Amino acid sequence: MTEQVLKLGIPAGSLQKATVELFGKAGFHILDSDRSYVPRIDDEEIRLIMLRAQEMSRYVEDGVLDAGITGHDWITENTSDVVEVCELAYSKATNKPARWVLAVPDESKVRKPEDLAGGIVATELVNVTKAYFAARKVDVKVEFSWGATEVKARLVDAIVELTETGTSLRANNLRVIDTVVSSTTRFIANKQAWQDRFKREKIENISILLNAAINAMSKVGLKMNVRKSGLDSVLKVLPAEKSPTVSSLADSDYVAIEVIIDDKIERSLVPALKRAGASGIITYPLNKVIH
Amino acid sequence: MTEQVLKLGIPAGSLQKATVELFGKAGFHILDSDRSYVPRIDDEEIRLIMLRAQEMSRYVEDGVLDAGITGHDWITENTSDVVEVCELAYSKATNKPARWVLAVPDESKVRKPEDLAGGIVATELVNVTKAYFAARKVDVKVEFSWGATEVKARLVDAIVELTETGTSLRANNLRVIDTVVSSTTRFIANKQAWQDRFKREKIENISILLNAAINAMSKVGLKMNVRKSGLDSVLKVLPAEKSPTVSSLADSDYVAIEVIIDDKIERSLVPALKRAGASGIITYPLNKVIH
Amino acid sequence: MTEQVLKLGIPAGSLQKATVELFGKAGFHILDSDRSYVPRIDDEEIRLIMLRAQEMSRYVEDGVLDAGITGHDWITENTSDVVEVCELAYSKATNKPARWVLAVPDESKVRKPEDLAGGIVATELVNVTKAYFAARKVDVKVEFSWGATEVKARLVDAIVELTETGTSLRANNLRVIDTVVSSTTRFIANKQAWQDRFKREKIENISILLNAAINAMSKVGLKMNVRKSGLDSVLKVLPAEKSPTVSSLADSDYVAIEVIIDDKIERSLVPALKRAGASGIITYPLNKVIH
Amino acid sequence: MTEQVLKLGIPAGSLQKATVELFGKAGFHILDSDRSYVPRIDDEEIRLIMLRAQEMSRYVEDGVLDAGITGHDWITENTSDVVEVCELAYSKATNKPARWVLAVPDESKVRKPEDLAGGIVATELVNVTKAYFAARKVDVKVEFSWGATEVKARLVDAIVELTETGTSLRANNLRVIDTVVSSTTRFIANKQAWQDRFKREKIENISILLNAAINAMSKVGLKMNVRKSGLDSVLKVLPAEKSPTVSSLADSDYVAIEVIIDDKIERSLVPALKRAGASGIITYPLNKVIH
Amino acid sequence: MTEQVLKLGIPAGSLQKATVELFGKAGFHILDSDRSYVPRIDDEEIRLIMLRAQEMSRYVEDGVLDAGITGHDWITENTSDVVEVCELAYSKATNKPARWVLAVPDESKVRKPEDLAGGIVATELVNVTKAYFAARKVDVKVEFSWGATEVKARLVDAIVELTETGTSLRANNLRVIDTVVSSTTRFIANKQAWQDRFKREKIENISILLNAAINAMSKVGLKMNVRKSGLDSVLKVLPAEKSPTVSSLADSDYVAIEVIIDDKIERSLVPALKRAGASGIITYPLNKVIH
Amino acid sequence: MTEQVLKLGIPAGSLQKATVELFGKAGFHILDSDRSYVPRIDDEEIRLIMLRAQEMSRYVEDGVLDAGITGHDWITENTSDVVEVCELAYSKATNKPARWVLAVPDESKVRKPEDLAGGIVATELVNVTKAYFAARKVDVKVEFSWGATEVKARLVDAIVELTETGTSLRANNLRVIDTVVSSTTRFIANKQAWQDRFKREKIENISILLNAAINAMSKVGLKMNVRKSGLDSVLKVLPAEKSPTVSSLADSDYVAIEVIIDDKIERSLVPALKRAGASGIITYPLNKVIH
């Protein structure tokens, strides 16, 4: 009988804290992730290991792991043959995709990739960068960089580096020439594990719960009381695609309305609802939202 | 066409963390506030700058900023001519107003302000302190103190220093003679910005959302099921000024009651409700409460 | 007239942070617990003091404190004559009871307590350990250990040490021989204080609120809309012992269902509900749950 | 053949850093003392273990350790029968002996030990404290305190607590009634180990080197050139008990003088030597001074 | 009889650590400077207080302090009438004087002070800045800045800010227009204290010892053996202004040479001496050098 | 004219702090190494850059740098064609060469490299590891590991990892099978820079000074006075290869002896000298020792 355990890799480093928090919101509590590369989790059917995002897809492809979380960039860099279960739209600071950009010092004469012909480019993402220049038929030497790549922009001719907000590039007085590749976080599975009934169901359940928690992060519950006579004008203010829950109240002149909204629109919606006659407006946090 | 951006100052220093958290609860996510004096915010119509509370009102008055958050004390000290949009009742530790007190060493012979005639008083709040003594016709030399004012109480004759809980005064064995001025946090606007339609609406929206978040901090939602026959005795236990939402249930002998209460009274209310016959009592956290 | 104040001891050290958080969830805000052994609390009828769990029960027995929070292990060790108000099932990492185990180095020949006859055992829990060996009629010398007991396992013959997860034992290559005693956290009261009307009611209120907060930690609220025709199949999925609140909706074909569930079962329940036809499923966090 | 290794205990806690530095100055380099209770040392004939000073003498007496460093206070408290090799006059902040003092709150009416009759005294040093009161025929209950003793001064009637500079007592507004016992650091040995030729020589060598390093800490080397005709007046300025090394110089009118002096007197000596006609005065640091 | 104590102010903040270390090298050990504004010192004739450099000279002028250490910049800003005992050439990072510079954003059109006419300049050094512009007959509004002045360069028109290495200006993309004033650290005394025999001698002794320690920081002792026949060629390599100590050796063909040199020239001197025939060359650290 | 500047790479990471300290002892003061990858140095002829040791030799080979400090292991891994100027025997914890070892879990059945045929080996040192197995004709898949290699020992079949003291291997319960390569730190130069007169002299001077500082770290100066009649017996105790400096004293019955010794032998030498009749024995620290 096959052991009923899913070997799951989670990313060490910059996504580590956000990942542990996301699992917590999804209902899986991870312990000791600050001290151990094999943190405990309160689900006996999962065995966790923390690895760098860079090498995750290779271990999933080899079957050393059944599933893992990593970036699209590194799956491509490693040319790993794995199942992409879903995208996971959580991240360090913003929800924009991270970009690997070709950058040069502000004072460089380089304006376009072609200007780098014959030069040296330093990057952690060697294969993707080579493919990028090959596609443009530009002959450059691509060198592997062991971190702190920005500082090398003034040693070599250009760098290809990851940026989410551009802060680090600006602090190093670097100028972006082009985006080499964009990337978001992915939940991936080993191809054989995906054929195993237990493992696939486990992976899918984790996927549903992680996504329900991700949805809930940017949403709030909103409740208010509305006089029946004013119901239409209130409903018009609400986003069209939402179907609010309208409950009967003891006072039959009023109904209670409850709806889940994006926290982004809460900023403009709440004042509008008040003007439309709603009373007792509150918003409350959510743990999970399942569409 | 005027640029549709609000230049908003938020206080660096002791209120900084609480302010960033408050904006988060209000729906505005501030990034990098630990590393940058110009932190990012997820609203393209706002440009943030962090400044010390002491100098905020001068920059708002000059129009360098459209609006800002600072203390009543520093608005007075700087005699700044600005619009006070609202009070913001959040703070570091308690919700009592902070006080600037006149203090002397425990062992000092000074018992009242008049005993300081001819002496030296050290303070960060020079103008307010001068006005305080002038109003009492007591002739003292008021010296500006660059921080760590408590330690100077034994170098000069008295100090005027900010205290929220008295802890630091007690730790320095100082005795309070009088309160010079009380102060709470204020949201202020530049007079011209207040006349600009876009800026005023933006300021007012921020004010509504910050206050809704502040309200929510000290409140919880409470739900319970009550047998219709016992409804009156339960309603009597609830605070009179609250109008609870009473929903019909499928089981027509029961109704569901929901009400927003102060978390302070929750401590005594919950046991009382139980005794009055309510069942399935839960309380849940709130993000915003709009009166 | 007796002073209407409850002197309450809370544990310093490993449970300190969790205790302050628990009180916060229960509605009591504790300030300065990082800096002071007499932290402030926003309830004028309580005076707090932080002490090590080891000595708490002695001060409660003496009446120096009216009530306190400590472990069953230390009440036994100190043979303190106090009232046990309730168990408080919160803890550092897991919710399993902590165990004091008899442990030896991996390479030791000791396999059972009897093998230690004539040897030395180091522990913080001297009296309980002596009683354990006396009950087995094994003659050992039990020495008091001032912390870092694991390291002494290779100096003496065995140790009796607290373990929650076994991590520290494994890291020190120690092997568990037996469990000497299990322990959970308890809320205890002085016997005379328990006879005082004000103090007893205060202690009972704190107990209700702490337990309501503890309950809420492992539960979530769940809401969904269900077509009346599908109600039975949805209700069958829900845990039998829960009675869900079924509310009428304006659209009379549907009802809204709300239920409080363990966050552990949420992982399997949510997918099942979706399959059973529920829509608009959300879960939300709770502050308190009163059974 | 007996194993040629000395089992040596060094104190964990407040003396730990100073001890590791002292061994370094003595020529023994200790590694990993921040991470391990069995730190490595670059001498294959020594095996180190770090223990609390409180329990050191018991393990030395039992022969679990051959030698150790601890305080006179704890040797007495444990009534340990060990060899005192020497005093080691290094410490955390000053070189004054640490004192265990009987202290009460500033506001207490207690003025002398006798005023405590019938009361409770909290202390870590239970046996010494009991002996102190027994010698005065004062009947008190002495309770063991698990750290943070100062805070208990207001729970019980008095405390007996260690103080080096009085800072912590003042910060807690405590008043000293009496000194119960003074204590300095001691190097102790097990009685049987002291009879072992290898161990005794090893202990004595360590003792010589530690003391040579301690001597060097408060001394500096001083060199200067002096015209022969002025030699007497310079020598008169030097401390009488020192015999300076007078070297011949190539220029036969001058001699070079070198002497080891206390760094305390350097403050007054250097200006005096200059006035007496010395030139080229320098002082330099020392590693070891052997009398 | 006047109390034989010198009240001495030392600078809190950026110079604090370097000052405590300098006093240590001079033979005065300062304790608790991290925790207390009135740190202890092992000289009963000195009472220390730590104050910000900004306000030091005012307290020395008033006689609240007898002497103090501060910058020339703040003595000028406060127009304090004090005795300048000596310059103390130690500092945070380099030994270059710190400069207050007039700076603008890189992208500003301002090229010279006159371009700022009608603008606003933010600075901590208000009076000196006003005098600077008055001397150039440029009309600007000078505003007091409470720290983080660099960030204000983009709020107002220019700043006057302290820079030692330019790092912070570059990191904020600011361009230097002019140096407003240079400043080094000074030891200052109150005028009356300077007339008091005890205080003046104490101040002068401290001055001698601090300067002896400062001298020693950039110097090393150098020793070598030289064959008499090669002495001249070795002496030629040594700096002309130094008179080396030449000692006789037992082997009369050789002499030992000892000389104090700048550690800067050690880099080139040591290889040259080796080539000139010196043997057994060593250098060693110094505590004090008295010229 | 060529620019008279040496571009010098120093290692970021585990050797960084030790390298900055070594340069300081050698007389070169490096600033900002904690904050900047291009730290400043107080020598205008040197331009520093901090890079990972892993990539240093590639940049030196390319001429991007003139010289650099890195490990022998990485020079080999990169098969870089550079000049090895000298070995630099300083390091993190001990002075033993670091070793890259082939390791497996304690519980693995693998006993020798051949047992790994067909398996996977994870390492940072891919090329050296491939060569190691190729030389043994063992067919393994060598995978690049992005740090935390120890934890992968239980994912794949074996690892090749750097170890200095074995602590980390033991903590992960790994067993060493073989040493793949030993490595010490090297000072390397670019081949063309080595032909440039200015650069070569600069590199050689740095090499002399770094080595003089390294020598001094493990040595002390020792001085003592000896009666002439006892000189022979003292000299016999001193290490034979050392020629002590014997100076004449004013008291012609005595001579002063000075010698540089290894601090390792100081532990046994000092007691022996005392027994042989030496008096006034002191040892003092050294900055540089040139053989």
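Each chain gets a letter, A, B, C, D, E and F, in the order it is written, and its residues are counted from 1.
Going forward, a contact is a pair of C-beta atoms (placed from the backbone, for glycine too) under 8 Å apart; a residue touches a chain by one contact, two chains touch by 3 or more.
Fair warning: this is a prediction, and the values are worked out from it, not measured in the lab.
Colleague: Show which chains lie in contact with chain C and also with chain F.
Modeller: A, D
Colleague: Looking at the contacts, which chains touch chain B and chain C alike?
Modeller: Correct list: A.
Colleague: Only C-alpha atoms count here: how many degrees separate chain E from chain F in terms of the superposing rotation, rounded to the nearest 5?
Modeller: Fitting chain E to chain F on C-alpha positions yields an angle of 120 degrees.
Colleague: Counting C-beta pairs in contact, does C-D beat A-C or the other way around?
Modeller: By number of C-beta pairs in contact, A-C is the larger.
Colleague: When chain B meets its copy chain E, do both sides use mostly the same residue numbers (more than half shared) or mostly different ones?
Modeller: Over half shared, hence same.
Colleague: Between chain D and chain E, tell me the centre distance in angstrom, where each centre is the average of that chain's C-alpha atoms.
Modeller: Their C-alpha centroids are separated by 35 Å.
Colleague: Taking the mean of the C-alpha atoms as each chain's centre, how many Å separate chain C from chain E?
Modeller: Distance between chain centres, rounded to whole Å: 57 Å.
Colleague: Mark out which residues of chain A touch at least two other chains, giving numbers and ranges.
Modeller: 247-248, 284-285
Colleague: Select the category (line, ring, star, complete, other) that matches the graph of chains linked by touching.
Modeller: Here the contact pattern is something else, fitting no line, ring, star or complete shape.
Colleague: Using the contact rule from the top, write out all pairs of chains that touch.
Modeller: Those chain pairs satisfying the definition are A-B, A-C, A-F, B-C, B-E, C-D, D-E, D-F, E-F.
Colleague: Which bits of chain D are touching chain E when the two form their complex?
Modeller: These residues of chain D touch chain E: 93-94, 165, 167, 220, 225, 247-251, 256, 263-264, 266-268, 270-271, 274, 280-285.
Colleague: Of all residues in chain F, which touch chain A in the complex?
Modeller: 12, 37-38, 49-52, 54-55, 58-59, 62, 64-65, 120, 143-148, 151-152, 155-156
Colleague: Under the stated contact criterion, what part of chain F meets chain E in this complex?
Modeller: So the residues of chain F in touch with chain E come to 27-28, 31-32, 36, 40, 42-43, 205, 208-209, 212, 216, 221, 243, 245-248, 255, 260, 284-290.
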